[in-house]
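Dropping a structure here in structure tokens format, bear with me for questions.
Labels A, B, C, D, E and F are assigned to the chains in the order they are written; within every chain, residues are numbered from 1.
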Amino acid sequence: MAKRILFLLNRTPYGASHALEAIEAILVAGVLDQKVSVLFTGAGLYQLLSDQDGGALGGRTVGKMLGALPEYGVTDLFACRPSAERLGLGDANLCLPVAWLDHAEQRRLINRQDIVTS
Amino acid sequence: MATLHLVNKPAAWEGCHPLLDPKDAVLLIEDGTYLAQQALNGAAFHALEPDVRARGLSRRVHPSIRTASFDDFVRLVESCERVVTWSA
Amino acid sequence: MVISIAVHGAPYAGAGSRTALRFVESALRLGHRVHRVFFYHDGVLAAAEPGVAPQDEEDLHAGWVRLGETHGVELAVCIANALKRGMLDETERDRYERKAATAHPAFAIVGLGQLIEAMTASDRFVTFAA
Amino acid sequence: MAKRILFLLNRTPYGASHALEAIEAILVAGVLDQKVSVLFTGAGLYQLLSDQDGGALGGRTVGKMLGALPEYGVTDLFACRPSAERLGLGDANLCLPVAWLDHAEQRRLINRQDIVTS
Amino acid sequence: MATLHLVNKPAAWEGCHPLLDPKDAVLLIEDGTYLAQQALNGAAFHALEPDVRARGLSRRVHPSIRTASFDDFVRLVESCERVVTWSA
Amino acid sequence: MVISIAVHGAPYAGAGSRTALRFVESALRLGHRVHRVFFYHDGVLAAAEPGVAPQDEEDLHAGWVRLGETHGVELAVCIANALKRGMLDETERDRYERKAATAHPAFAIVGLGQLIEAMTASDRFVTFAA
């Protein structure tokens, strides 16, 4: 039975392996036909910054991996507007379209979920 | 209870706090228990007792925050609809 | 109630793996069924075979093994995260022609599908962060 | 030849194994007759909080391990006063006597060292 | 140069900043390069170029901060008296 | 100039171990002598024998081994931190009666005295944090 699963991404893309590995789990959740949502918040917004080049560090590019989400059926991509304002990020700087949510909308998003993980 | 929030370090409070619903509960665990030294608002607050004791915080926990055993932790998970974990 | 958990932190003296172990022990004592413990990120290091714990620190690896062997809790280790951290079971040892398995046999090395299955098959899913 | 080595401790005592392992290095530096100083700063101040009980987590007590520093010849123990004020900590809450330094004094401490590590 | 400070995450800036001497240099590395998006003061500032590029920050680095190669990193270590590493 | 470094972070996709490796490569290229790389905390995991790196990610373990074998850089792993993280060389394998050594032979498992010696014997000491 499909569940509503929210992945909360709040880590930087290259500081540790956490971001890449979390994206792998999201892709699998999409393949397995779960009702997947993704919320980028805090430093997790940096995963969406355009012009990333993981090759400079000998690895994959997180922004490119995120670009594959829609192909895996993961299209409900949300981002925290207050975080973006604090970090000076807007649509023009991002490599992927996201729906911006304020705090109240994020609370409602969480309250609709069966499972929230990170 | 709608959502149980786990907070495992002080820096995680910044992300958790704005998303609290008044029906929610927060359990401070691990280094998150350092937050228990002050009054917090927005939900019902608990702090995991072994983590509090290890860190020397037993007499520094604010009276508005209840200490919780691991059995209490399990009961909090039972009685919520979902668990959100905040870290970093 | 059916509960599954994810463990993201390494076992040696780190906080998350210890909290998770204590939580599962309490859940079992209170009569819940723990469907699966899924080790992800650095959590996979809990399966490391020959850790030599300091005398005055709890051996979390041994705690997890006990939980698997005595209480039949499924200990599932993410294969992708395990391989890059040097955790191999006997199957992977043979495939990659290594000298020895490094994961204790109480742990099963599995695909990420088992993480999602743990979520769908359980009433509650709790993530223990690093 | 003995060197002036400063250990900068800014991690919490039980969040990870970092604090305990760093103390082990300090003890060895003391045994090997280096000119060792220790500076507790930021969340590292929590390593000094009294009434710790690592046994509650099945491990050693960091505050007790720090108490062994003088036996190993490490007696130059300093702590950041501004950090302590921010965390609400004072001498009465600590398990070990330290000399309090303001920022300017900490800068001078660093400038006297051959090596600073953490 | 008296001291070279390595800063490897934004949160480490809080500990580093008050201890800077005007004769010091700071090299932002790894996630510390996110700090390079703003003007910083108290010393001479550099940001490690591969870390800047990987994170998509190349066009976001503040003009007051110079990017540094690994060879530049080594030269900074040569020319200082000691290196202090700030993390967390 | 004689340089020694400490590496505190784990090698897989973490930042500190990669930065440290690149720094040492540059230091050697610029004619410095690298006296010792001391792996401490999670840094000791760089010595893990059978890591299977993902195809599209750099294998830092291999990078460190190359540095040791080609450039003769001493790769020293803290014994206390190694043991509790499951890193054993052949000596420790025999002492603790384990199936296999888990540390690659390019790495020497040593006491903490070697960390302090690296500090006293070098003109510069650089710590690469986790």
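Here is the rule we use: contacts are C-beta pairs under 8 Å (C-beta built on N, C-alpha and C of every residue); 3 or more make two chains touch, one makes a residue touch a chain.
Predicted model, so just to flag it, every value in this text is computed and none were measured.
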Fill in: Smallest number of contact steps required from chain A to reach chain E
1
Fill in: Interchain contact steps from chain B to chain D (minimum; 1 if touching)
1
Worksheet item: Would you say B-C or A-B is joined by more C-beta pairs in contact?
Response: B-C
Discussion item. Taking each chain's centre as the mean of its CA atoms, which one is most distant from chain F?
Written reply: B
Worksheet entry | Relative to chain C, chain with the most remote C-alpha centre | E
Discussion item. Using mean CA coordinates as chain centres, what's the gap between chain C and chain E in Å?
Written reply: 38
Discussion item. Measuring centre to centre with CA averages, how many angstrom lie between chain C and chain D?
Written reply: 34
Worksheet item: In whole angstrom, what separates the CA-based centres of chain C and chain F?
Response: 26
Worksheet item: Whole-Å distance, chain D centre to chain F centre, using C-alpha means?
Response: 26
Worksheet entry | Residues of chain E engaged with two or more neighbouring chains | 30-31, 50-51, 82-83, 85-88
Practice prompt. Going through chain A residue by residue, note those that touch at least 2 other chains and give them in order.
Written response: 14-15, 17, 43, 57, 114-115, 117-118
Response to the item:
The positions of chain F in contact with two or more other chains are 8, 12-13, 15, 57, 80, 84, 125, 127, 129-130
Worksheet, complete the sentence: In contact, pair by pair, are chains A-B, A-C, A-E, A-F, B-C, B-D, C-D, C-F, D-E, D-F, E-F
Item to complete: Over in the complex, which chain C residues touch chain F? Could you list them?
Response: 10, 12-13, 42, 45, 48-54, 57, 80, 83-86, 88, 92-93, 96, 98-100, 102
Practice prompt. Could you please specify the touching residues of chain F with respect to chain A in the complex?
Written response: 12-15, 18, 56-58
Worksheet entry | List of chain A residues in touch with chain C within their complex | 1-3, 5, 17-18, 21, 24-25, 28-29, 32, 34, 114-115, 117-118
Practice prompt. Spell out the residues on chain A that touch chain F in their complex, using ranges where they run on.
Written response: 14-17, 20, 57-60
Worksheet item: Once bound in the complex, which stretches of chain A touch chain B?
Response: 8, 10-11, 41-43, 82, 103, 106-107, 110-111, 113-118
